[in-house]
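Residue numbering begins at 1 within each chain, and the chains themselves are lettered A, B, C and D in the order written.
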Amino acid sequence: MDQVELTRSPIDVGRVLSGISDPECGAQVLFLGTVRGVEDGERIEYLEYEAYEEMAREELFRLCQRLRARWPEIRKVAIVHRLGRVGVGEAAVLIALSAPHREGTFPALAYAVKELKETVPIWKKEVGEKGARWKPAK
Amino acid sequence: MDQVELTRSPIDVGRVLSGISDPECGAQVLFLGTVRGVEDGERIEYLEYEAYEEMAREELFRLCQRLRARWPEIRKVAIVHRLGRVGVGEAAVLIALSAPHREGTFPALAYAVKELKETVPIWKKEVGEKGARWKPAK
Amino acid sequence: MKVKVLLFADLREVAGQGELALELPEGSTVGGMLRAIEGIYPALAGRLPQVKVAVGRRLAGPEAVIRPGEEVALLPPVGGG
Amino acid sequence: MKVKVLLFADLREVAGQGELALELPEGSTVGGMLRAIEGIYPALAGRLPQVKVAVGRRLAGPEAVIRPGEEVALLPPVGGG
């Protein structure tokens, strides 16, 4: 079961964790990407996310399919990404998954984060004291 | 900053995540180990955890030190483990850590979970429909 | 044929609009469309080499043919997360 | 010297008590203590080969000497998480 969400509201981690719980699963792993207050010495005010929403949702579901193809033991996946303005310290992205046992969940989570950053049409504008710039994935 | 806790109360994930947040950290990862309802086809009623509490706390702090030695970029670590009776679906253990960037956080989390299971004096009695047994780490 | 091309992020800002309305010959490819955009919107030209193109919400290479009515989008380097 | 030995999990259940009170010669080692326990508590003997010993809350090998007043514990295979 894949849950994919693009939202302009703060991410509710507890709700997402409840959503991936499963009586057959003993392992849940979660990545929470938050907005850093300083980048290369510059004080950051906020990030502004923009997406090609319809395609981003489809790419996120395709990412879930690739995850399940490589790690078939995964039971539930949830990916939530913020859009619009996200302040320092706030969560911009959450990826969580559950499986009966923990083996595989850590590389699966790492893979999911990397693929999200590299393949999903979402863009991030960083607004700091020196101005604003679009920041592609490193 | 290392937070280590042995508790007989349900684990509050939100509180732990708040505790590891840091304005310099963009990456938080979390492992939540929950009680499965079925083991090898047997319906499980609950787990009962017991610890050599003083030593377990010390071992958990030593585990945090080993983590930081291998992944110096880690900023905050939190490890919470339940003691006593833990019902099916409930979280028995939570490990969370934060770092400026995500690289390293996934293997660090995997290492922390493995080390916790193998080196910390905590024992688990599984109580199911066929009876009770002490279960060492696999 | 009329083709609507969606723009995002810095492309959208540079163009000052979220979409381009192009008139292309039937059977045009993605590569042909990019050359047309280069000619019509010189402000975008310098950024096009880094851009990926989605046709029908799927990445498409330069040889891909654009069919009438398909949704086309120019994707600058992504950076979610 | 008197040595208090903490028991946990199945060892605690098999012994029917959470600690053993031993009287050992000064300078006894962990290995010597285990042999003494084997003799005094035959019910525990079969489990001792799998047991690790903590002295002063640190794992200690069979040659380690137990000093008076130190906290000693028998640790069956652990299984947290």
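Throughout what follows, a residue touches a chain if its C-beta (ideal position, glycine included) is under 8 Å from a C-beta of that chain, and two chains touch if they have at least 3 such contacts.
Because the structure is a prediction, the values reported are computed rather than measured.
Minimum number of contact steps separating chain B from chain C: 2. Separation between the centroids of chain A and chain B, computed from CA atoms only, is 23 Å. Inter-chain spacing, taken between the CA centroids of chain A and chain C, is 27 Å. Separating the CA-averaged centres of chain A and chain D is a span of 49 Å.
Mean C-alpha positions place chain C and chain D at a centre distance of 74 Å. In chain D, there is no position where the chain touches two or more neighbouring chains simultaneously. Chain contacts: chain A has residues 33, 113 touching two or more partner chains. Working note: touching chain pairs come out as A-B, A-C, B-D. Against chain C, the residues of chain A that register as touching in their complex are 33, 49-52, 54-56, 58, 81, 92-93, 113, 116-125, 134-137. Considering their complex, residues 6, 8-10, 12, 54, 57, 73, 75-81 of chain C touch chain A. Listing the residues of chain B that touch chain A in their complex gives 13-14, 17, 21, 23-38, 88-89, 100, 102, 105-107, 109-110, 113.
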